Structures are given as structure tokens and as C-alpha cells.
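First chain written, first letter: the chains are A, B and C, and each begins at residue 1.
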Amino acid sequence: MAPVFDYAPAPESRSVVDIAPSYGLFIDGEFAEAADGKVFKTVSPSTEEVLSEVAEAGEADVDRAVGAARKAFEKWSALPGSERAKYLFRIARIIQERSRELAVLETLDNGKPIRETRDADLPLVAAHFFYYAGWADKLDHAGYGANPRPLGVAGQVIPWNFPLLMLAWKIAPALATGNTVVLKPAETTPLSALFFADICRQAGLPKGVVNILTGDGRAGAALIAHPDVNKVAFTGSTAVGKEIARTVAGTRKKLTLELGGKGANIVFDDAPIDQAVEGIVNGIFFNQGQVCCAGSRLLVQESVHDEVLDSLKRRLTTLRLGDPLDKNTDIGAINSAEQLARITALAEQGEAEGAERWSPACELPETGYWFAPTLFTGVTQAHTVARDEIFGPVLSVLTFRTPDEAVAKANNTPYGLSAGIWTEKGSRILAVANKLRAGVVWSNTFNKFDPTSPFGGYKESGFGREGGRHGLEAYLDV
Amino acid sequence: MPTTAPHALSDVTASDGTLRRFLHGLPGVDGVGLEARAASLGTRSIKTTAKAYAIDLAISMVDLTTLEGADTPGKVRALGAKAVHPDPTDRTTPATAAVCVYPDMVAAAKEAVAGSSVKVASVATAFPAGRAPIAVKLADVREAVSAGADEIDMVIDRGAFLTGNYMKVYDEITAVKEACGTSARLKVIFETGELSTYDNIRRASWLGMLAGADFIKTSTGKVAVNATPANTLLMLEAVRDFRAQTGVQIGVKPAGGIRTSKDAVKFLVLVNETAGEDWLDNHWFRFGASSLLNDLLMQRQKLATGRYSGPDYVTVD
Amino acid sequence: MSDARLSVLKTYKLYVGGKFPRSESGRVYEVTDSKDNWLANAPLSSRKDARDAVVAARKAFGGWSGATAYNRGQILYRVAEMLEGRRDQYVREVAGAEGLSKSKAAEQVDAAIDRWVWYAGWTDKIAQVTGGGNPVAGPFFNLSSPEPTGVVAVLAPQESSFLGLVSVIAPVIATGNTAVVVASEKAPLPALSLGEVLATSDLPGGVVNILSGRTAEIAAPLAAHQDVNAIDLAGADETLAKELEIAAADNLKRVLRPQPVDNWSATPGTDRMTAFLETKTVWHPTGSLGASGSAY
């Protein structure tokens, strides 16, 4: 039976974005083919349609890009901070102007809903450049001593979950502090970084200050290992993060890592329940749960377990899964077949280990990579779904009886990126937040981001902070 | 005294103390989260067929209202005629749910909508301030009911509520409910702008429902802040939860401040995704409004013809 | 009859969990002065001693990191007071350990005492300097605060047996971390004696644990230990530092690479503290006073 109030399709127009059939690497201000001529295809995860063919960087290209960045470093780092600032302000403004185009592009290449790229990703991208632009001529006052120096060439490798936002988190502070950049976007989401290259061109950014190398993990590894790179910044999996830490061991390269998580979202019995339910949904289903700081473990006090679960399940039935370009879509596609397979396997393991699986009635499109919002109840600390980062729309529900137990369970993970606390009792928020070993604690909210707010993990979630004054340190020789 | 409190919660109103403990034991409301959820639902894009459905539904939910000191039988007759046939050029346009008038205009209104589906609602209980002795308030209600009002829109005693005298508020509502008899449905107005906090609005919602309200209503339209997406969302959560606990369905009426079709459609999205489609009917959801209707009509004409309409193509109230 | 009284020699022991155990290995090694004269035997710590020290440091972490910054400052200052009282002993030990004249050794000891005072004053200021509110674009209160990273393995500098040692321990514990310290391999005696002062300075047992022995042997299990959060490689040479950094990657320890230090007397900045601090950022909605004053 069709619902009474059936929202008609409301697709955002694709015509706002013009994707070329092929793209080269962006080195020294020019697009160029890979030295060995290799290319790979990038597809739309929601339809499996090939969007474009992009160059696949090899070691020779990495070497050329690092060389270009090195050459550009001398002049760029010598520019007065106020001049660097103006380039970044220009970039911020052009991103604002082209934000609809970029939102549609990001949705096409990543599979996330246009609602998110339009209302979250793009505004944050512009804000991040705007924020760090303002720092460029104020570094003397940032608390790192007088005249803090840049490091040199930054090699940056970013993931596919927030392609343009992660680019902004990396490039904005690097340029503001006077470094030059070689950035490798994720293999499955190369397009927005290539469009960003065009924005650099429009902004008149000097050649070689930003270089974009598309490619797979091998290009990333070559970039990180390159002897003329002074700074390595990586966002991605903990396993790769460890490999990178080994690679840079014994060098002078400064390293920051923003890795995985298994965030606990703790709901106490005196929580604002309706807002907590929204926070739980936002915590694990935002971006299909493909978020390092996702609230993937719900820790709910036993005295409100049934009430919260009933509300949560009812709420999940209203989630709208489908065409990411439809303005009413809440849940888009999983980014890749590979990621879908991983989520599927972990969910199957959850069932095999005896956790109870539930999803709302939900029709999945026939083409593309899709996974229905999923809850596991009856989960204990020993279940794989409570320990491994799934990086998908899968929530594990655990219970606790006392604040002590909640904190102990929340901290019982090698990760330490994010956590949530829901209670109307102020002193409990402060006490619990104090005990949580996590870099970001959202109380009575979740998944909020801001360029002024430092972000990063404890323990195996990595080290270093991105955002805010703290984010400057990663790119300064201090 | 008749008790209208449903069985599942009948103990709650046993005493001042139990009622207070119950209301203060309701989950708190985080205002930022509530407003963010309302704003998020406000970004739903309702187009083409969905928009046509929503506009007709919204028209059918309007309590077309005139509550002025200058109201006359003539003015009320015009209003009634419009409620029955909102768009004289297009008879497929649904009638509004009701006309809403002061008690002394009920008879004129009744006459104006006779033979149609349009109900007559009357504000009573010394609307809008409610600052009159209970006997006067009840007399106000009885007059309206005896003049034929199908629905009574009462105001709660905000002073009593804000001093924590919940039982006084409860007793007044039950007394008014009794005065409504079996013929009139009771809408209970909280004047959310005066209750000020979301926690208070949630408590008032439960208090009203426990006391036998058929509808809970945001506001009188006579104060600075009337219906907002957030306070309406909060009340929709309350009726949803009340039905889940008691099996009794209660209606919701945001009133005041809803002027455009775009706003109205946003409220319908709130209904759809919070209380659910059972409430997408004018028996369970109303808009207390006046100028909203003409905007809905112009939008309806636009959908039918593809051209933007203008104020000369709809009737002045 | 001899007129020289035979002195009572000190048996140097480890300092672990507030106690003074011998090495679990049951072994010692010979410590000599710069002229190869025997000074004492020092415990030759094994990987099991390292393990025990980590357990002790972890156990102490909750209480120490949870103590008020004021309280930590009082205790660090108390360490300075205790050292001042035993100044002559340390001058003697440092002179022997580093082959310094008495007056040069005294400069080192005085600087080390003053360093405790410097860090004692930092405990309740570092959060104000490195943390703060963030003006996020929304109705949220947002505060970043530094927090100790946890258990820190500290390889004390090889050359500066006391001032260098204090300069790497004090910043680690000032902020609430607990430490497992590997003393200078060649000159461990001042470090082992420091344990005696720490034990009588109200410092809770386990906050600082001091091991002596072969740096490379003790450091390897510490760098690989999954319950150690960070490592200061000050006392490692280039080859060892690289090996340890690779091992440390297994649980993504925070690594402070060895940096050339010409002069341990120079005023330290905040770097040795911030190297072992995490930044925690807490968000909370602010909202408005009432629904009528809301954004709508």
C-alpha cells in the first residue's frame, strides 16, 4: 500500500556539473597524463555508471609532483602571510560560489545524499578554508612562538567518505602555514579533488603549491615514502595508519594520523529521549555510517532500553533510502563494492555470533551498492560487531546499569576518537566526559563539526589534531 | 466528577503530588536538538503530485479564523461562505475544516456553513488571556455549545501552570470538557509562547491529554511567538507517545504565524514523519490560520494552470 | 687498629609501583665512574621488570590523572624540597656518574631541583595555555582541554644522568601521565636514587617507575607493549630510535623522537609536556532561555 503522503521524486539537477570524460594528474599547475599512461575509472556507487577516467599516478609522477611542490615551496613560504591568506579567502569564496556544482559532483562520485553534501560537506569545506585563511598572517600569535616556520612539502592522503571535506582539512592549514602540498584523493572518489585543482587555477594560486595525484594505495605509499616529503598527513584506516607510522620511522617527517573509531553513544535514563534518538540516528546513519567518528556502539541504560529501542526502530522506518541526488533521500549508496562486501561480511558475522539483527522494511535499488540501515541488539563487548569498525550503517546496541559501567564499556576499545553522552544532568555530562578516552565528546548532540574545533583521536584512532588553533601545529616546525 | 483520563495513566491524576511527579518525570527536551530536527524536516522537497496532495490536505485542515473585536455577523457570513467554497472558480477545491469565531458569533457562523461539512469552532474560556473566574469561563463555553459550536478552543490558565499548580489547570480542563458535553470536541490551547520552555510545552501537552483534550493547540495567535515547527513537532511527539501508551488518539492544532503554503507543507511533513499518516486528516490535524488559505489557493491555481496567481484571483476574507 | 671506618655501601634497587624491588632477573651489572672505578652494582632489568613497571604505571594512572592539578603541583614541589635536603648526596653521585667536578655537579643538581619547581608551577597552567573555548558556528558550547595520554615510556638521556633525567620525567608526570623510565645505561645511580626521593614526596606509587640496565633490551618490550601509550626516545641512538619507532607503530604510540640537546640547563618550553597530551573537545548545545526566544 502506498503511503498517504507519498513524496514525489525531487532530484537535484545533474546539469549543474560538467564531468569531463577523462582527467589527468594536476602537477605544477597543469593537468598531465601519468608517466606510464595508466588510467582507472571512477563510478557512481548508486548506479555503477562510469563517471570518468582518471590518470593513475605512479612513482615517477609522485617524484615529479613532490619536485614541483618543493620548487614552489621557496616562494610560497616566503610570501607574506597576508598574501597567502588572500589566496585562501579566494578559494573559500569560489567554493561557496560553486557549492551546488561541487555538492552534486560529490554525491555522484561518493554516493552520499545531496542533502548531506549540500547542507554539511560543502558549507564545512568553505568554512574550513575561510577559517585557516585568517590564520595565515597571525601565526605569531598562535601560541607556537614567534615566527613559526612551515615544514616544507606536505604529502597528504585522504579517504573517500568526505572527499572534499578531508581535502579542505588537509590543504587549508598546510597552505595557511606556508607549506606546499601533494595530495592523493581516494581511488574511488577522485573527482572533487580534480575540480578543486580547477578552483586553484581560478584563484590564481601559484603553480606547484597544490598538486593532486589520483591513484590507488601504491601512489599513496610512494608519496609517503618520498624522501623529499617533510610532512605526512593521513586520514583512513588504522591498519594503513600503522603502516605509514612504520614507513616514516627514523625520518624527520612530521606525522599526523586520523584513523578509525568505534564510538560509544551513551544514553542515560534521564536523557532527552527524542533528541537522543535523533542523535543516535545521526551518529550512525549520517553518510551511511561511513564516518570514522560514527557512534557505532549504542550504550543504553537498561532502565530505558526498551523505550529507546522502540523509538529508534520507529524512527528508522521513516528513513528514506534511494537515489542520492533526490533531495529527500536520507540514506544513499555505500561507496564501493569492496566496502559493501566488508559491511555485509561483518553483519553476517554479527548474526553468526548470535546478535539479533533488525532492519526497517526497505527496498534496495537493483543496481549500485546498497545496505539497509541495520541494528544489532543483544550485543556484548565480546561480539565482533561491538569491537571492529564496520564503517557502514550498522549499529550495535549494548546496555549498561551504572555510569561507571558505561564509561568502562565505552573505553574498552583500542580506538578513542569519539563518544556521545545523553543526559539532562549537567554534572553527569562533565564527569563522564572527563573519563572518556576520546578526542571528541558530543554531549546531547552528535556528529557536529566546525573548523574552529580540534578533531582527532586517542589511542589507535591516531594522533594530532585537525581544526582550530591546534590544527596549525601539524604543519609548523614546532 | 467524570474522569476522562485513560486507564493506563489514571493513577497519575490521583493527587496534586502524583500529577506533578508524573509531569516532571517526563523526558526533558533539548531545545537545540528539537529545533535542528524540525529544521531538517523543513528541508524536505515536496514537489508535483506530492505538493498537490499536500495543498489540498492543508486547505481541508484550515480552521479559518476571525477573532477580532470588530467582528460582525456580516464578516462571519463572508468567512463561512469562503470556508465552504474557498475557491469559487474551482469547485474541486476542498472546504476548510472549520470556521473559528468568538462565542457570540457562533450562531451566525452556524448559519453560514449550514449544510456543509464545515464545522464551527469557538474560542471560549475568556479567550485569549483566560483571566476570568471559572464560572464565567464555563458560562462562556456553555453559551457557545448551546449556540451550536461543534468545537471549543479553550485556553489554559497559564498563571496556574507557571506557578506549578497543575491540578488547577487539570480541573479546569475537565470542567470545560464536561461543559462541552458529548457534542463538542475540545481543543486545549497552551499559549506556548507564554509557557516559554520546551519542557513546559511537553508537560502541558500531557496535562491536556490526561484531562481529556480532543486536540492540543499551540497558541491563540495573540502573542509574539505562536506556532513554530519546533513546538508543533514537540506536541506531535506527545500525541504519538500518548497513543502508544493509552491507545487514545489526540489531535494537534498549530495556530498563528503559519502564512504560506511552504510553511504549511513543512508542518504536514512534521506530521507525516513524527506522528505518522494516521494524523494526516482534518479530524486529527488543523491549522489555525486566516491568511494562509489564500496562499494555499494561489498555489493550487499555479499547480493547475502553470502560471503564478495573484491576490486579485482569490477572495479577500 | 685502623682509624678508617668501613663505610656502609648502598644496594641500588629498582623503583616500581612505589616499592624497591631487585630485578626479576636476579642479575646486576657493574657501574663505574669515568675512570673505570667501580661505583656500585645496578639491577639489570629484564623484560619482565618492564612488564611489571607498565602494570604499576597503568594502575597509578587513574588516580594521578584524576588528581587536581594543584595537588600534582604540590607534590612536584615536594620533590624539589626533598632533593634540596639531599643535595650533597646527588652532587656526589652526579660527580661520580658524569666525571664532573664537585662544583659542576652541583650546578647540574641545582638546575635539576629548579626544574621540578618549574614544572610544579606548570601543572595548573598548561590547560589554560593549550586548551580553550572554540567559537563554533552554531548554538554549541565547545571546549578543548589537554589530557594526559596515559602510560609513557621514557628513555632517559644517556649523558645527562640527573638533570637530563629530571628534564624528561617531570614534564611527563606534571600533566598527569605516569612513567616507566629507563635510566641512563652507563650512569644509572642518580636515577635509582631519585626513586628514594620520589617515594618520600607524596608521589603515589607507580606514577614514576625507574628501571636500570641495557637500554635497548628494556626499551624493546616497552616500545612494543600494547598498554603503553607513548614513548620518549631521548636516550636512544639513531638506530635504536628507528627500531623502537617501528615497534611503537603497532598500537600507534605517540613518539617523541630524540633531539640533540646541547644544554639541558636551558629553560625548557612546553614541548615536552604537549608531546604527551591529548586534546579532548567537548560539545554541548547552548540553546536559548526559552522556546519564545528561539531561533524561529
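To be clear about the criterion, a residue touches a chain if its C-beta (ideal position, glycine included) is under 8 Å from a C-beta of that chain, and two chains touch if they have at least 3 such contacts.
Predicted model, so just to flag it, every value in this text is computed and none were measured.
Ranking A-C and B-C by contacting C-beta pairs places A-C first.
The chain with its Cα centroid farthest from the Cα centroid of chain B is C.
Closest to the protein's overall CA centre, chain by chain, comes A.
Chain A and chain B have centres, each the mean of its CA atoms, that are 44 Å apart. With centres defined as mean CA coordinates, chain C is found 36 Å away from chain A.
Centre-to-centre separation of chain B and chain C, using mean CA positions: 68 Å.
Residue positions 444-445 of chain A are each in touch with at least two other chains.
The residues of chain B that reach two or more other chains are 30, 32-33, listed in rising order. Shared interface positions of chain C, defined as residues touching 2 or more other chains, are 140, 285. Chain C meets chain B in the complex at residues 139-140, 285-296.
Contacts from chain A toward chain C in the complex involve residues 127, 143, 145, 238, 241-243, 245-246, 249-250, 252, 257, 259, 414, 429, 433, 436, 438-445, 448, 450, 452-456, 458-460, 462-463, 465, 468-470, 478.
Within the complex formed with chain C, the chain B residues making contact are 30-33, 35, 192-198, 201, 224-225, 228-231. Chain C contributes residues 129-130, 132, 134-138, 140, 142, 144, 149, 229, 238, 241-242, 245-246, 248-252, 254, 257, 269, 271, 278-285 to its touches with chain A in the complex. Residue ranges of chain B in contact with chain A, taken from their complex: 27-30, 32-34, 36-37, 43-51, 53-54, 57, 237, 244, 268-269, 272-273, 277, 280.
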